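Read through the structures below before going on.
Paired with chain B in one complex and with chain C in the other, chain A is shared by the two complexes that follow.
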Partner chain A sequence: MFWIVRILSILAVVGLCFGIQAFALSQTLVAPRLFALTGLYVTLAVSLNLINGITGQFSIGHAAFYQIGAVVAGFLSVRFFADQPLAGPVWLMAMGVVGGLAASLAGLAVGLPSLRLRGDYLAIVTLGFGEIIRIIVLNTDAVGASYGLNVKPKLQFIWMIWLLAALCIAVSRNLLKTVWGLAFLGVREDEIASNAMGVNVTKIKVMAFILGSAFAGAAGAMLAHYEGFINPSMFSMDLSFIVLTMVVLGGSGSITGSVLAAIALFLLPEFLRSAPPVTGSALVAGALSTAVSVAALRWVTHHVHGETRRKVLAYGAGLAGSVTLFLLLRLLLGNVPSLAGISFEASKLRMVIFAATLIILMMLRPQGVFAHHEFSWKWVGRLFGRTNAGVKA
Partner chain B sequence: MEFGSIALASLDFGTLPQQLVNGLLLGAIYALVALGYTMVYGVLRLINFAHGEVFMLGAYAALFVSWRLGFSEAGLVSNPNLASSALNLVLMLLVSMTTGAIVGVLIEFFAYRPLRNEPRIAALITAIGVSLLLQYGGALILPNSPQPSIDERINPYRSAVVLQLKGADAHFEGDIQQAQGKYDIAKTAFDTALTREKAQFGIDSEFDLRDQSPRKTVQAAESDLKRLQSEKESSEVRVVIPQGQLIMLITSLGLMLILRWLVMKTKVGRNMRAVAHDFDTASLMGINVNRVISFTFFIGSALAGAGAMMNATFLGTPLDTFYGVKLGVKAFVAAVLGGIGNIPGAVLGGLVMGVAETLVVWAGYSSYRDAIALVILIVVLLFRPGGLLGSSKVEKV
Partner chain C sequence: MKGPILQVQNATIKFGGLTAVNDVSFELAQGDLFGLIGPNGAGKTTCFNLITGVYRPTTGSIMFRNDSIAGLSPNRIAQKGIARTFQNIRLFSVLSAAENVMIGCFLRHKVGINSALAYLPPAIKETSRMRREALELLDLMDLADVANSRACDLPYGKQRRLEIARAMATQPELLLLDEPAAGMNPQESDELMRTVRRLRDDFRKTVLLIEHDMKFVMNLCERIVVLDAGKEIAAGPPEAIRNNPRVIEAYLGEAV
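Let's turn to the complex of A and B:
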């Protein structure tokens, strides 16, 4: 029974990956790229979650591993793809493995100092490592220096990108179900205590870095072949920060959270690209009423206790009040010519909205949207009123 | 990677003192900004990613003041001979520092204070959010394309101070005189030949000379002279410091001394040290922790504002809303290098980084100038995990 379920679910996942590809290709012209990049961000977020959320090693240089994978795989493809017998998908898989191996070597190199450093110092070393990698690539002519590398051939398999994401999720999830996973969590919670319990802290930390960076490297290999062009500026510090944000917003340590946050945070700015321009008065009204609603919702979280119904009512009232405020303000400010006269393009606003989203979510839910919870069918059951379906109270 | 072997011969040791001075000047600004990072980290254990944006806003404040004083593009067209004075600079400095301080305190109050009791990572993400918000939100409002820069005419001190460290070798005097003599003779011969042929054949230019030999002689003599003069110049060791940068260094050092006095000798400074040492105990001892934290942000951000004003005025770099990003990261690295939370450490880290950076450029690896700071940082942290001056105490259970 166990194996039947397992095999069926593996088949389902593979089917789902192909389904995503079929769906993406049937959509608009930009959709396939969005689907592919979303898959890559999911892999990045989940693999960083492994280092950051599950093992508690504060790493903010994830873009470097991504870049190493991309550069190594891209370079090999340019040199050797034409002279070898393998077909495209097989070669891409091999490149994923090679990119992952290269990145995991780098992960080993970063993991070793992590034995001596903690917290913010480790964060800085990883950040510095990321920048150093980028600058070295920027100055290496063999991989295109500052211009970048044209990766030929383009191997665009959305299913493989999502399969990688699924593999990354599966490895993380299964790790947490085993004794090994407990050791990882132990290192996060308390290094000294887990050391006393016989956990080899050194080994666990280095393993976390190797595993996490390997997936990022494989994702990099996919990126290089999907885009057909890589450039050092694609792997700047901002990317590391964005991936870190995905992990924290979703809830450090929660795989579900990382996946959903990656999808949401990647797609949010992309959808805002096509949003209509906003007038100055609407912008100011929006900013003010958002601030008020954040304050109101925070107040509700801290001061309203008791039944769920009461809380929901309070939250609803807060939100409704803010929306009313927004409408009122917009009406009022619409009469101010200096504000109503200017309009801001959505392309300029999207990063502002992204930044505001980060701040608002952190204010309202500092532990991340999912905190340390994971998706489970039981939870879905409870949501639909079936209290603990299998368990007798 | 193409690291050629560093050929020592190709390095120009005559320019080394100049580069060291440049490094110190650069390092002073790093140190000023690093102080803000280190002070905030000291009391809150928070990496204030928005500090670079405080710097950026300080620079913009200086720009607006300079415009207000008439040093805008339009203002200078209508009044091109507008004279500036030291008072203008002081005004800009004060406005920048105030702006920086106010922005820093507001950021702390609205973004960090609500998250004081939450996990530190939440405040860190908020800091990243604030930083992005100020960068992109600022771009909506602040002038950034074309990038404005503060007109250099606002700075009345534009000449340079020249320090002669080592004179030219003595033998150049005689050699140059000799060459000058030769050149004078050749020049006279050439001039006579030119006048003669002009009268005789009616030619227009020296290139039409029938007899080219005087022209060639004078050319050879001139290039000899020029070569000797440049050799003489490169044999002397001198340091040229623009007065503006000297003011920058002195002001930075002055501000650091004031900070030192503030932290070590005043009551509020003692409170600050107490909070940095132990947050909870300090509050039990009757210290108003919130006020101390606000004050820390106030001082740190004012220093960033001062650094921004001086950077934008004396170096004249064009402004945009990402002005503080690169410098912010470097200053932060400087703070960690010196031992984050440690005030003298931040100054030391800033100076070390400034000098290291200019030395890398001097050695001919200018494309690695942004990497060297990080390499030094990693190496230092491997051997001293707490930074140069920081204490690396092991966290206890």
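Let's turn to the complex of A and C:
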């Protein structure tokens, strides 16, 4: 029974991944790439969540693991792909494993010094590590140095990218469902107490680094083969910070949060790139209604308690109200002559909007959108009014 | 077999110029209810930290079942069978009471992490077995009703008992309790006394405890060591300690 369910669910996930690919490919020219990159960001965020959110080891060098995977796999493909018998997908899978292994070795190297460091100090070490890797690659001619590496052949399988993301999510979820996961959480909550309870804190921390970096490395291998080109500037510190932002914004420790924040934060600037120009009236209306909605949502946070359903309804009402306000204001301000001449290109404002979104969300929910909660069907049931008398008792 | 389970011999630890514990020796037999008392700053908690491996003694030895444990890491010592609670409660605050106790069970898990990552039957079974054990222990400590509450949401007295439950989950032979009755009302501390006695009588644990509540210590412990300013000033059964002039002096000051 167990194995039947397990095999069926694996098949379902694989099917879903092919579904995503089919959908992506049926889109316009630029869309498939966004689907692929979103999958990679999901993998990065969920794997960093393993280190940062679940085990509590503040790492901001995740781009380095991503880069190691990309460079190692890319290099091997350039050298050996033509002279070997494996088909594209099999080779890519093998490269994912190799990239993952290479990155996890690096994870081990970072994990070991981290045994003595906590919080800010560890963050500095991982930051330094990330830069070291980038600069080593930048100065190594064998992997293209500052020019980068043309990875041939391009192996573009969106399904495999999403399968990797699914694997990463499944592994994190599985871990948290067992007593092993509790040991990881214990290290995050209180190292001294965990140690006194016989948990080998050292081992747990190193395992977290190995696991998290392995997934980032595998994602790097996928990236190299999808893009067909890698360059050290693709793995700058910014990338580490964006992925870290995804984890924190989604709610440190929450897998659901990491997944959704990765999708949202990656796609937001991408969509703003092609958004219509922002008129003066829309800008003023947007700023005003955002301010009002922040105030309203803060009020909801402090004053509406009790059932999930009530809270979600209150938040929904707050958001809907501010959207209405935005539309109304834009209509009213449309006739103001001094605003009429102003127009901004959305693509230029996109990073401002991105940053403002982050600030507002962190003001409203410092613990992250999902805090430490996970998606569950029980929660959905409660939302749609299924009785929760049993839960309360 | 009755014999010394823990021998602390001439243990000394210096932090720079400060000698926190100075030439302290005592011996616990299997099944002892042993008290460690003394005024604030006497070095009681430092003694616990020496026994549990947080610090390594500058000189002296610590033997557990005739095995030197000085200098081992805390998790190794816990695996050998010494568990402790903390003076300033150190629970895993956002985890539930049951999960806290399950982490105590973790050192006995036999299934590798790969099985957990793939969520295979051995890991699932191990997890549910440990959950059952945790619930039994919560029941023992009278915490069954709060098994699913977050540890930080529990009232103070329950947090103290949860710490004992978590320490018991490691199935230790020697249990170190650091001020278990601190902050409890008289009724709670009476109940705690009965529970600790049960841990010895029914579960054959040896208990070493630090406590400031003299009534608690005098009623519960069968032997007591008194520390003052890092030095051992008295040792013996409660009656002898109660009337020992040096102990009275340490606590109340010199008679005028």
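Keep in mind that, in the parts below, the second predicted complex is superposed on the first by the 324 of 393 C-alpha atoms of A that agree within 3 Å, B and C clash if a C-alpha of one lies under 4 Å from a C-alpha of the other, contacts with A are read in each partner's own complex, and residues count from 1 in each chain.
Everything that follows uses one rule, which is that contacts are C-beta pairs under 8 Å (C-beta built on N, C-alpha and C of every residue); 3 or more make two chains touch, one makes a residue touch a chain.
Since the model is a prediction, treat every value here as computed from it, not as a measurement.
On the superposed chain A, the two partners chain B and chain C both fit, without a clash. Once chain A of one complex is fitted onto chain A of the other, the partner contacts of A:332 are absent, as it touches neither chain B nor chain C. Of the two partner chains, chain B and chain C are each touched by A:190. In the superposition on chain A, A:201 contacts chain C only, with no contact to chain B.
Within the superposed three-chain model, A:175 lies in touch with chain C and out of touch with chain B [touch as defined at top]. Within the superposed three-chain model, A:25 lies out of touch with both chain B and chain C [touch as defined at top]. Once the two complexes are overlaid on the shared chain, A:317 sits clear of chain B and of chain C alike. Residue by residue along chain A, chain B and chain C are tallied for touches, and B comes out ahead.
Panel annotation: after superposition on the shared chain A, the angle at the CA centre of chain A between chain B and chain C (CA centres) reads 90 degrees, nearest 10. When the two complexes are laid on top of each other via chain A, the two nearest Cα atoms from chain B and chain C are 7 angstrom apart.
Touched by chain B in one complex and by chain C in the other are residues 190, 192-193 of chain A. By the touch criterion stated above, chain B contacts chain A in their complex at residues 1-2, 41, 45, 47, 111, 114-115, 118-119, 121-126, 128-133, 135-137, 139-140, 329, 332-333, 336, 340, 367-368, 370-371, 374-375, 377-378, 381-382, 385-387, 395, 397. Of all residues in chain A, those touching chain C in their complex are 2, 170-171, 174-175, 177-183, 185-186, 189-190, 192-201, 207, 211, 372. Listed in rising order, the residues of chain C touching chain A in the complex are 52, 54, 73-75, 78-79, 83-84, 86, 90-95, 99, 102-107, 109, 111, 113, 116-119, 121, 123-124, 126-127, 130-131, 166-167, 169-170.
Residues of chain A touching chain B in their complex: 58, 113, 116-118, 120-121, 123-125, 128-129, 131-132, 135-136, 138-141, 190, 192-193, 237, 241, 244-245, 248-249, 252, 298, 344, 348-349, 351-352, 354-359, 362-363, 366-367.
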